[in-house]
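Alright, structures below, take your time with them.
The following pair of complexes shares a single chain, chain A, combined with chain B in the former and chain C in the latter.
Moving on to the complex of A and B:
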């Protein structure tokens, strides 16, 4: 979202900065409360905000959800790191060979068009219900966006800089690491941020569809126990987790890539 | 960057070489199509690897590509031209799935672009609802699947709801960003020409923000497909995802792979169509290198 420039550090500016978001959130919660309070939606479909809020401590306290949430988070992290470590060097290598570049794009465009969720039944057959299956499917889903953004990043390198490296007789790997990689990093980071949200969706999907561990498994069991308030509370917590990780990634990006002008 | 001045007045002599149309260096269309075809060698090589691997290490779960394609042909293709050579099995399952996809996705485009316009034009609204949008952006929407099943039961509405909810935010954010990034002087010029509010939106704001809006819509195609399949795997009695999971449960693994091939082809076709639409709508935008693919 476009963030408006921060107002002057006056009380008025502070009120404007805090007041608007608070009012916005309050309006949404109010509509939610009204809809459930007036019986516009059935309570088993959408419990009121208070009921969902009250279910959060219950969910956190049941001794099962937090470890499972940790499991989901761990799977997510493993697949992100694994894919990044493999896909970025591959992208850098392929990107430096013009003949391979276009062919890779064609193959990648074909593979990424396959909805990764359709592979879940096959992944379960081949890898079972454990973490291997979850990681394998998440890696399939996010390898393509990371590879594509690496290729785009490589392609956007200023040719003059590569020539400068060449004129200094830098070997191929040195040009890749010290010229191409720094120019491509902002694009790569964008790809990783997109991949992060896709990976979470895929991991949670596998948990809904049969994986033996993870936060999604807990949500399904509460759903079957007819506790929609707890399910909503779980979804809220997952979203909060996603938002925190997203903010961390964005902050890391800003801190690490100081040479990139930020708009 | 694009040269959006060309949107407001395509006849104006602009400096950009690509503003008026294809540049002089662009090869003819058939030639480009041929190059793209030749660029498929890597894809072909990977498919051959699949075939060889599966034959070298036979597994019930991982059949060779040729067998999968044979099964695909016998399940989804017929020799009847009146149904476009596609069998009833195809039309029953793909038709149901695509109808769900289109309802959810088109709904998300309409709502997302409309809400994005509002948030992009109003600083107050965008400040107010920024936290909500961010929240929904970072929420793994698929986690709502159990609830969606409870609300709607095992009906099409459940799938449509999930697809809508999963794609509307990315479209909204991109639209709002695109609209907020429109040069204010163009809006002022439009106003000074006494364009009506409606004309201002359709003639100035939407075209100028179109690259961002279409980028969001393009990303949403992939997400919508993922959610369409997940929701059909989870609970339905028809559709492509159901076809796959049913084959799995009845140990018809070849049929399961054939279903995957069908889903893959549909995904490739939809993404290809989307890029073609994007390229057509954004022909004024200068594209070079990989973006041209």
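Moving on to the complex of A and C:
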């Protein structure tokens, strides 16, 4: 994190940037330790932080979890890339025609309101229990946020810049490539970053609720074996994966879109 | 139109009106305006807000179509952005492309002319030097001050070696010191490049200082109220020119034309200048 270009390099700045998040996480862990140590929650429901920490090496070494985690991450990556490759060009095309944009927004908002987890049973009926079903549901869940952020990105293009392109007698395609696309990219990237989090949630959900492969399947078997400590360890690892990818994408955005003022 | 003796004007605005349909009815931004601008002239356009001065400029640029009438560039009717014409927009921060270096911002301005690479590179350097930024090619616009960015915008306009340069309140967003420097820059560039310049501003001193001729527009509806020749010679100086009694007389004349409805009531003193 200390390599991040933004933020002052002073000790004070570093404390502010790292100190507060660390303090936040530490207080959550402290409350967790207190709750389980004082017996406020049953150990079957919530084992203490130390027990969960101790379960991590066990989970990683059981010979089953790691390959299944690989399956989950692969499914996640395929869904994200597939959706991006389709939804972004569609968004750019639709966004450049105002009438099409208005028509699309209504439909997109309707589709978006259907929670993808509610579609898992239907997904299983159509695609079975394999990776196709997992990818299909993840794609359904994230196509809309990526499409919407692309549409908003296109709509946010500064009209004066389009006029500048027109006055330089740029043809339509050149205005799209050199003005509209770069204007929309920061918002598209934000959409993809948010979609990445959503996709992980959906993929793991399908694994918990019936899919035949993936990290979620392993966690279900530990749950049935009455090992909540291992289940929590798995949840923690998956959360860490999500957080790392989110941070990497956010860092990439900061590097690529240097002209966008960051908060 | 021509009486035979004079050449075809660089810009010929012939009976141009512009009306918009709004929710509250039809609004006339500019009504029945005709004006001829000769090649090489530096013409400034002033007027109160709502007089249609920017609308007129955007129609000259071919970015906006007149509701009635016609604007001709070198005798050819304008029906879209024409070659040989460049625009400097009001707000550099919204008209330059921050995702590109200054070099690329300039190079792409000439993209429609399909020039050889070396010629583009030569022009980039030439135009940046002309605006006093010979070493700025590799910067990004947001790494520069406002005044420097507007210089880049002017350099970008010079890339197509325009016969006509249209400037829409180009210095409204910079501080007074920078503004004086930029005024001197455009006066010099107008003479060096021999371009016809139409310069929209809301600043009366600036309108008189830079131009050979001031067009005063009136509002409600926008129309041409006066066409005033500026006889201050080709050399302008921020101190000497502004001490010239002729400058004072002209700015006072323009001031009264622009402010007339209020000037009579509120500030009669200024009329005696």
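Quick note on the criterion: the second predicted complex is superposed on the first by the 236 of 263 C-alpha atoms of A that agree within 3 Å, B and C clash if a C-alpha of one lies under 4 Å from a C-alpha of the other, contacts with A are read in each partner's own complex, and residues count from 1 in each chain.
One rule holds for everything that comes next: a residue touches a chain if its C-beta (ideal position, glycine included) is under 8 Å from a C-beta of that chain, and two chains touch if they have at least 3 such contacts.
Quick caveat: nothing in here was measured; it's all calculated off a predicted structure.
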Superposed partners chain B and chain C on chain A - clash or fit: fit
Contacts of A:201 with chain B and chain C, given as first, second, both or neither: first
Contacts of A:103 with chain B and chain C, given as first, second, both or neither: first
Chain B versus chain C as contact partner of A:232, first or second or both or neither: first
Comparison of chain B and chain C by chain A residues contacted: B
Contacts of A:164 with chain B and chain C, given as first, second, both or neither: second
Touched partner set for A:122, first chain B, second chain C, both or neither: first
Following superposition on chain A: angle at chain A, chain B versus chain C, Cα, nearest 10°: 80
Per-pair minimum CA distance [chain C against chain B, superposed on A] in Å: 5
Contact set on chain A toward chain C in their complex: 158, 160-161, 163-164, 166-170, 174, 178-179, 182, 257-259
In the complex, chain A residues that touch chain B: 1-4, 16-17, 20-21, 23-25, 27-28, 42, 44-46, 100-107, 109-110, 112-122, 124-126, 141, 151-152, 155, 194, 197-198, 200-202, 204-205, 208-209, 215-216, 219-220, 223, 228, 231-232, 234-235, 238-239, 242-243, 245-246
Parts of chain C lying in touch with chain A, wherever the complex brings them together: 61-63, 80-81, 83, 85-87, 89-91, 94-100, 108-109, 111-112, 140-142, 160
Parts of chain B lying in touch with chain A, wherever the complex brings them together: 35-36, 39-43, 46, 61-62, 119-120, 123-147, 149-151, 173, 176-177, 180-181, 219, 222-223, 225-230, 233-234, 240-241, 244-245, 248, 253, 256-257, 259-260, 263-264, 267-268, 270-272, 289-291, 293
